[in-house]
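One chain, subunit A, appears in both complexes that follow, with subunit B as partner in the first and subunit C in the second.
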Partner chain A sequence: MTANAEPRQHPSEDDPRIMLHGQMGQYEQVPPYPPRTEREAEFYTLGDGEMFLNMGPQHPSTHGVLRVVLKISGEKVVDLDPVLGYLHRGVEKLCENSDYHHIISQIDPLEYVSSLFMEWAPVMSVEKLMDVQVPRRAEYIRVLTGELLRVASHALFQGWMALDLGGLTPILYSFIERDEIVEALAALTGQRMLFNYFRVGGVNGDLNHEFLSRVGDWMSRALVQHEANIGLLNENEIFVRRMRGIGRVDRDMALRMGVTGPNIRAAGVPFDVRRSHPYSVYPELEFNVPVRGANGGGDSLDRYLLRLDEVRESIRIIDQCLHEMPDGPVMARLPRLMRPRPGRAWAAVESPRGLFGTYVISDGTDQPFRFRIHDPSFVHLQLVGMLMKDNLIADTMAVMASLDPVMGGIDK
Partner chain B sequence: MAMTPDGSADAVGPAATSAAGNDAGLVAASPSGVSSPIIVPNTLWSSVNPGAYLSTAPAYTHLRELEGSDLMLSDTARWGQLDVIPTKADILIDLIRMNSLWPLLSGLACCAIEMMSAATSKNDMDRWGMFPFRASPRQADVLIVAGTLTTKMAGPLVRLWEQMPEPKWVVAMGDCTCSGGRYKRSYSTIEGIDRVMPVDVYVPGCPPRPEGLIYGMMKLGQLVKERRGHWDEHRIGPNVPQDV
Partner chain C sequence: MDRTLKTRLESKLADRLAGPIRQRHDGTEIRIRPADMVEVMRVLHDDADLDFVILADLCGVDTGETMQVVYHLWSSKTPDWLRIVAEGMPREDPRIATLTGLWPGAEWMEREAYDMFGIIFEGNRDLRRIYMPPDYASFPLRKDFYLADDAARSPGGGVRHMEQTSPPTQATPGSIRRTVRP
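Up next, the complex of A and B:
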């Protein structure tokens, strides 16, 4: 310690140096670090009359915890920057660290609106690795429960779509629909949302009386109820005018960006994994692949209407499954400790949002060496930035709702 | 009515005995140290069975005069003898708070769907005054944390909680928010939100049924009534990531 060391001075509020950073009229740089990419440098440079508007991560209509930085000029959106990762739970890494039975429960909450499809893809991947022949009754049960959940998911989509446009009523009806289906599935699986029902080589349990009676009860009025729910919205002039011609995804753009599911079918491309790359017992079932927007590209209204068409087809599939359900076992005979041969397998299913696939690399142990998840919502979210240029702020959420992303799948 | 004050009650009250020896303009001091009460004539309420209470009006007009006596234990001391309803505004306010818990609309993951299910037609939380999901933290009483809390979301969520006006309460919905649940082993989640904010009610389940959430909110109502909230006990926990 030197003799001339000054005693330490505590900063006081009168200290002018403290006020340097907090003066009126000076704002922090957004983002606080210098731009790291060309895109960031371009986006975070404000032009004449432009400003930033931060939306999220807590926002009632971002379909989860998504943060969107909007660059706006007046009421027009000039550019936008989605910030992801608020729901990153590390599912891929967790799956790589758990054995093949545990993967089903780890991947279940990935996309929580349609969780049976999240189980379906990894189960199919492991079945490919193990060369398992799944019993036909198990396949029929999978299709039956999956299509039920697709109806529930599309019902929720209808409610959310209206909610993001400012209509509160339809979501009350869509949740009635969803709760009935989900309670029936709860009678079968024991859970309302994260079913944990599919197994490698089959399903967890056979159909029971309560499930079948609930499904039969629901099926007796499913189409009538569907038509009634359609009547709530489709004739509404405000709803239609805010959807028509907005958020146009044409055929080329959809193909270039890798869009799948209802969004690409609404752009005029008849791509459905159930038909294009058939799996399970879908080749035996009769259903149409509805396509819309063939002339001129699909707007938000096309994407909305296409999902309603799909509900009708799903009800048709459910009807066939209930009538043609074969008898037999629901599980294949498998060793308790699964050690697939070394190799890699890709399996994809048609989830309510599009192509959901998993890619499993096995090294011969009971845990996968690599577990890769392809989620359709992630692809569809890329479109938002392209669709929103020169649209109004209020239409941002409408376009995003019509693409129907779920943040759990996007952030993994 | 039996409870109407008569002449004798007016004569024996503390106000009558004060007068001499005190300066005018000051509040008169009574032997029991109780200042003169405000007497509201009881025109609103009368007992179904007047015989259940004493027929004569009492000599005392304030509950503090009765502290420590056996009379406090009977109904007559609490209600019948007085022409005032001896309560605190706090009790009334607590009842109001308990019966109109406004949650913040902040779903994080899976449990948010069940939270919406609890708010919509089938199980209608509005029946117990829990409905108006506010989009702004400034208007909300209860933060229902529904879904996995990741390290990236922890900072914004704590900021939301700090922006809520006091008094405020937190309900941890789902296993992920209670203890980490099935994502406890993950590198990017926070194992229970009680690491970052005080929690009043835990609703376990993955996800809990909507009825479970409603039951938890009713339990929270009891806590609110008994003033057992945790919001003022501790501030931000140790694990809040900085600069998120």
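Up next, the complex of A and C:
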């Protein structure tokens, strides 16, 4: 037997040895263009023993399609650079080219876990432009459905939070709670996720029997169910130890970074748009604004616990709404084709993630001239870079999940 | 509408106001020149009577003739939202100072305004595109950027229409060019 050991005459591209030799020590430049800004040049220069690691865009725990470029040294994160735009749909441009009724359905899918709040802000700003007085029953219905959805959103947050840390069970319990609320809202609005329910001047339909019976059924055990669900995580030593002490945000940092919502309240600042700049019927309702981390700032665990406190307050609000729901119409009388006088209006609501605001400029036609959407998650995502310095790679998701960003809103 | 806020603002910012203070519903609006922006913001943020600590929003606006940057602030000292309109930047080369010295959190909002309107925020150390790809050439929220449906009526109809940017003065009559009183 003779081995076929004839040497190759010409180096072939199929020969792995040749390719290996040719590319030894050569890597593709990251990014493949020269840096455009000071910060980019600084980030994409590797120090001794550092390397880049791409997280995403299809990483399962990025809450959407987000790519995070990590600069790591061993297990420690040195710096990170979130890359956005994978979900960018140009919603602002679309809204500027659709009429005032159409906007509600355009902006609805922005933040798919709390879409009623995405409808609430534009509706409020157009009402300011049109000088509409919304009927009280409609305001109560808005608060009722909004707070229900806040509970659902925070329940889902709780599940996601555990999922990002590697625990699969809590999200199953979260979905029980979320599903009951979402089914009730589906009975009212006809949709499970993107409700398209609020209208300029009121809401799309009055409360019906199925919604009320479902909500009553859920309310009878809401608090008990909530306590049972949170026991699963709050008493879990692994979970608590992993969350405690990482991603600490203090008061000054939170204010300077423009943080709002549960994240700023977990940093010791009692800023809640429902109380700080009251809208709708919130001044008539009794509820507390829970604050944590008042001395020295709050960590990931504080942000997690604060959302659980908020769920209890939301259940209180729902209870009051159900008891004090006034009678009357649910829509103001408005022309079919809305042409507000030229002017500007800004309205902000407290969404489960923070201050969600819209700024509308009218030029007297039936379409807004400028439609600005301010999403809280967009601002919060900036924090991740600051919080992650000198933390472990595995904690990136623990910190990011505790800020509760939703990419649909961030990328607009 | 907070009348006392109006008098406070008039006394603190006397000569830096570029127009009358307007108040409607729960908002107060002041207009300033882009060159005064940082100084005005510093007064609003640091003054104990004003104490506007929360930057609620920063966005660009293309009025069709000039560019604006609009800021919304919140303070515990007034029940109003405060809107600051830095107006009168030329569309060809809109430039304004950065706000990241006061609110580092403004960085991404400025990046967004740059990405969508081409407004240069001088001093922002990370002013690159945030949503659109890095090799993208136009600014989508400008009023001379047409949607695909309107592109046939635009001067660049049919030729890379989604990336066509041309001055609105060249727009064909009957196209969607709209302007608003600044």
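Here is the rule we go by: the second predicted complex is superposed on the first by the 388 of 412 C-alpha atoms of A that agree within 3 Å, B and C clash if a C-alpha of one lies under 4 Å from a C-alpha of the other, contacts with A are read in each partner's own complex, and residues count from 1 in each chain.
Just so we're on the same page, a residue touches a chain if its C-beta (ideal position, glycine included) is under 8 Å from a C-beta of that chain, and two chains touch if they have at least 3 such contacts.
What you see is a predicted model; the values in this text were computed from it and never measured.
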| item | value |
| --- | --- |
| Fit or clash - subunit C, subunit B, common subunit A | fit |
| Touching partner for A:T37 - first (subunit B), second (subunit C), both, neither | second |
| Touched partner set for A:N97, first subunit B, second subunit C, both or neither | both |
| Which of subunit B and subunit C A:T365 touches, first, second, both or neither | second |
| Partner chain(s) touched by A:G343 [first = subunit B, second = subunit C, both, neither] | second |
| When both partners are placed on the shared chain, which of subunit B and subunit C touches more of subunit A | C |
| First, second, both or neither for A:L194, with subunit B first and subunit C second | first |
| Touched partner set for A:I176, first subunit B, second subunit C, both or neither | first |
| Touching partner for A:H374 - first (subunit B), second (subunit C), both, neither | second |
| Partner chain in contact with A:H88 - subunit B first, subunit C second, else both or neither | both |
| Minimum distance between Cα atoms of subunit B and subunit C in the superposition (Å) | 7 |
| Set intersection of subunit A contacts, subunit C complex versus subunit B complex | 85, 88, 90, 93, 97 |
| Residues of subunit A touching subunit B in the complex | 32, 57-60, 64-65, 85-91, 93-94, 97, 105-106, 109, 112-113, 156, 171-173, 175-176, 178-179, 192-194, 407-408 |
| Of subunit B, residues touching subunit A in the complex | 105-110, 112-114, 116-117, 120-122, 133, 135, 147-148, 150, 152-153, 156-157, 160, 182-183, 185-189, 206-207, 209, 243 |
| Contact set on subunit A toward subunit C in their complex | 31, 33, 36-40, 84-85, 88, 90, 92-93, 96-97, 128, 255-260, 271, 276-277, 342-346, 348, 355, 357, 359, 361, 363, 365, 369-370, 372, 374, 378-379, 381-382, 411-412 |
| Sites on subunit C touched by subunit A in the complex | 24-27, 29, 53-57, 59, 61-62, 70, 72, 74, 76, 79, 81, 83, 102-109, 112, 116, 125-135, 140-141, 145, 147, 149-150, 178-181 |
